[in-house]
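Heads up, the next two complexes both have subunit A, just with different partners, subunit B and then subunit C.
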Partner chain A sequence: MQLKELEYGDLSEKMHKGNIGIDLGVASFRVKSKLPDVQKVFYELYSDYSIVGQDDPTDFQVSIQQSFSLRRWFKPQISFSLDQYTPFLPLPRSQAYPLLEWGMNWCMAAHQHNFLLIHGAILEKNDEAFIFPAPPGSGKSTLCAYLANSGWRLLSDEMTVINLETGLAHPFVRPICLKNNSIDLVKEWFPDVVVSNIAKDTSKGTVAHVKPPESSVLDLYKTAKVRAIVLPHFTLDKKLDIYTLNKIQAYESLSSNAFNEGMLGLQGFRAMTRLIEQTDTVEIFYNDLNSVMEFLTEGVFAQ
Partner chain B sequence: MMSPITQQLISLVKGQVPMTNRLVEWEYIIRVAREVSMLPRIAAMSVDFSNLETLPSYALNHFQAAKCSSELLKQHVYFEAEGLVKLINKISDEPPIFLKGAAYLLAKYKVGEGRVFSDIDILVSKELVDSVENKLLVYGWIHDEIDDYEQMYYRKWAHEIPPLMHCTRGTQLDVHHNLVPIISGKAPDIEFFKNDLVSICDGQAKTLAPYAMVLHSAVHLFYQEEYHHGFRDLSDLHLMFSEFGENEGFWEALFLLAQRTNFTAELGLACRYTNLFFNSSIPDKWMLKSEGFLPSRITMVFFDWIFFRILQPQHPLCKVSYIGLANLIAMIRGHWIKMPLPILIQHVSTKAYKAIGEMIAGKGAFKKNKEQELPENLPKI
Partner chain C sequence: MFHISPSVFIYNASDQSGVLVFVPALGKVVTLTSKVGVILLALKSEESFDFTAFNSKIVEIESDQVKEVWHTLISEGILIEDI
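Moving on to the complex of A and B:
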């Protein structure tokens, strides 16, 4: 059953009690929040996802709650918890929704060690997946939002999930986190997409989350074969420059973006090197998203 | 009454697949285990399951992931131990003695498998403490910033120096010269604990003899103010009783050491509660003797009321009645046995002052660095 089949009132009541489980493929989350704005945005962005059955277990039980201190009366704060554990210091009230999304990512990175997890977007076109590993500020999420709304299948905006045995990528489809100027750009390019309210002055600047395409959400259990690794650098004065990386450089750049390669030890290293050996790696400097898309679908990778 | 989840966790510690009716019960087991730092332990014990098919894949996945984290911890501890041993052996012929979690791992005992801990504890002679500290400070270990009160507390009253942290790796290290705070008046002649030391790290370091290790674990458990990990610590004792109980002369040596060092009450409580919770295999003769070590019958009614509650896993799902009150009493008791009254009053008022400040201004208000903090070794997202 999809979340949107629930009435908003039902969802609100269930979220209030922490009774709603949502299936995200490689992990499931029970989400609890009494805050109406968090409930509302969650209902909008996750409407296409399936609900976990009453008697089925979930992997992570997360909540966003108002912190208890006298400060709540003059400068309210919210905090994120995984079950009873609160990994971060509280944040200002206005950042409640982004904190939920980041907290969910943290749960994966800190606990989901059955897969190799890489900090990077991953999207698929014509049965070939491309990983875009990158630190914040490289333009990865904007590129991701662009491709996801131009007929590509979104596997993840933030976290690439690699199967340790098969080397295939598992989707971990989530709302795309846009920052600063890219929020208005995406709204302008794709007027129909659902974008959450913006949260100002977060550690990443101004952020908003974009609802993932329904088709990508419905393919949550469909794995993908990785064709190439593309390191994006949004650069104002370059239309599109492409550099090929050798295997050592490729390993270095991917490994530095891995969440749990070290945690997985030898298994992690093997999964990482296999991925590098079976794919090509390029670094791109660009200011034109359409050229990037053309290059990926019609350039060297298409042959 | 013990909650069903507590009983299921007890089965898992013993390497048995617990009875469950609904799949969602596994979620509850995993959540409680994760909260009380027992997930890697029950994951490690699950390798003994003769019938792995009876475990649902949901549980297996969580166990597998937990094993990764305990494997990393193990490697980390081996690495740090090697460096520490080299440093300390440079300044003294007396090898360092590893204690608690790190010792369980380095000695390759079953109780070390999947045991979660956040700091490495070592014991050195009182005369050596200053030179060890200076050496460590030169080699990249630093003290966390602490206020004057805490500094005085450690230097004058405690059984250890202020905690050290490695400046790049973030490893936490506690250097002890005794096992309980000096101010308590109950610190033993540490030489009694240093008999029959066991060689570890290729003979470069030592750990306590099994019987001394067990007594230290019992003393540690019943000297605490805070029992969030009480269940895990009690399961340590159970696993050690199971592993060492058959050793020649183990029980004699354990009871003799307890009598010599005046920790008979702690040993009595350890036997009583491991037996109640885990039905540990303590020979009748020694069980009987340990009962003689317990406080008066009236005190035991009171102790049972507290310890039967706070030694259960502490998670709302376990629904232990009056757990808040039991924790409060345990906290008062923990302070009480460690400090004479005038010092206790001063200590509690200093701590309360800080706590009230936090309540008004919010958590973390007193941290100098107000940036978001993530736990050690976890990626920032």
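Moving on to the complex of A and C:
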């Protein structure tokens, strides 16, 4: 059953009690929040996902709740919790929804060590997946939103999940986190996409989340073979410059974006080197998203 | 005499760009040039060898660099002295 088959009132009531579970493929989350704005955005962005039965187990039980310190009277704050554990300091009330998304990412990165986890977007076209590992500010999420709304299958905006046995990528489809100017750009390019309300003055600047395409959500259990690793750098004065990286450079770039390679030890090293060996790696400097898309589908990778 | 630690895992990049050695004891990855890495792989099958044997296989780098590489491999736990 998809979340959108529930009435909003039912969702609100269930979320209030922590009884709403969402299936994200490689993990499932039970989410609790009494905050109406969090409930509303969650309902909008996760409407296409399957819900987990009330009595079925989930991997993570998380909540976003208002802090009950004295500050709540003059400067309200919210906290994220996993079970009874609160891993982060409270944030301003206006950042409640982004904190839920970031907290869910943290749950995966800190606990889901059945997989090699890499900080990077991953999208698929023509049965070939491309990983875009990159630090904040590289334009990764904007590129991701552009491709995901241009016929590419979104596997993840934030976290590439690699199977340790097969080397295949598992989807971890989530709303795409846009920052600052890219929010208006994406709204302009794709007027029909659902974008959450914005949160200002976060640690990442102004942020908003974009609903992932339903087709990608419905393919949550379809793995993908990785074709290439693309290191994006948004650069105002370059339409598209491409540089090929050798295997060792590729390893160093990818390894620096891995969440748990060290934790996995030899398993992580083997998964990482296999990934490098099976793929090509390029570094791109760009300001034109369509040129990037054309390069990926019609350039060297198409041969 | 020395031998290569049996617990290390060596990845030899197919494009000859270098060799990575994972050292479980340290939980880290050491990057070697392709030349040094290939020598390491060649010596892996030998029961033990000394610095002279290692040195004799490296022909294109200065001898002081060879010593540096040798000491690095020992300090990183890749080469272990036979008891």
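Criterion: the second predicted complex is superposed on the first by the 303 of 303 C-alpha atoms of A that agree within 3 Å, B and C clash if a C-alpha of one lies under 4 Å from a C-alpha of the other, contacts with A are read in each partner's own complex, and residues count from 1 in each chain.
Everything below uses one rule, namely that a residue touches a chain if its C-beta (ideal position, glycine included) is under 8 Å from a C-beta of that chain, and two chains touch if they have at least 3 such contacts.
What you see is a predicted model, and the numbers here were worked out from it, not measured in a lab.
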Superposed partners subunit B and subunit C on subunit A - clash or fit: fit
Touched partner set for A:S81, first subunit B, second subunit C, both or neither: neither
Touched partner set for A:Q65, first subunit B, second subunit C, both or neither: neither
Partner chain in contact with A:N114 - subunit B first, subunit C second, else both or neither: first
Which superposed partner A:G262 touches (first subunit B, second subunit C, both, neither): both
Partner chain in contact with A:W106 - subunit B first, subunit C second, else both or neither: first
Winner by number of subunit A residues touched, once subunit B and subunit C are compared: B
Contacts of A:N163 with subunit B and subunit C, given as first, second, both or neither: neither
Superposed arrangement (fit on chain A Cα atoms) - minimum subunit B/subunit C Cα distance in Å: 7
Contact residues common to both interfaces of subunit A (with subunit B and with subunit C): 262, 265
Residue numbers on subunit C that touch subunit A, as the complex places them: 9, 11, 13-15, 17-18, 20, 22, 24, 27-29, 31
Interface residues, subunit A side, partner subunit C - complex: 246-249, 251-252, 255, 262, 265-266, 269-270, 273, 276-277
Subunit A contact footprint on subunit B (complex, rising order): 22-24, 26-27, 30-31, 34-35, 58, 61-62, 64-65, 68-69, 71-72, 75, 315-316, 358-364, 367, 370-375, 378-379, 381
Contact footprint of subunit B on subunit A as seen in their complex: 54-59, 61, 67, 69-71, 75, 77, 83-85, 87-91, 102, 105-106, 109-114, 119, 158, 203, 259-260, 262-265
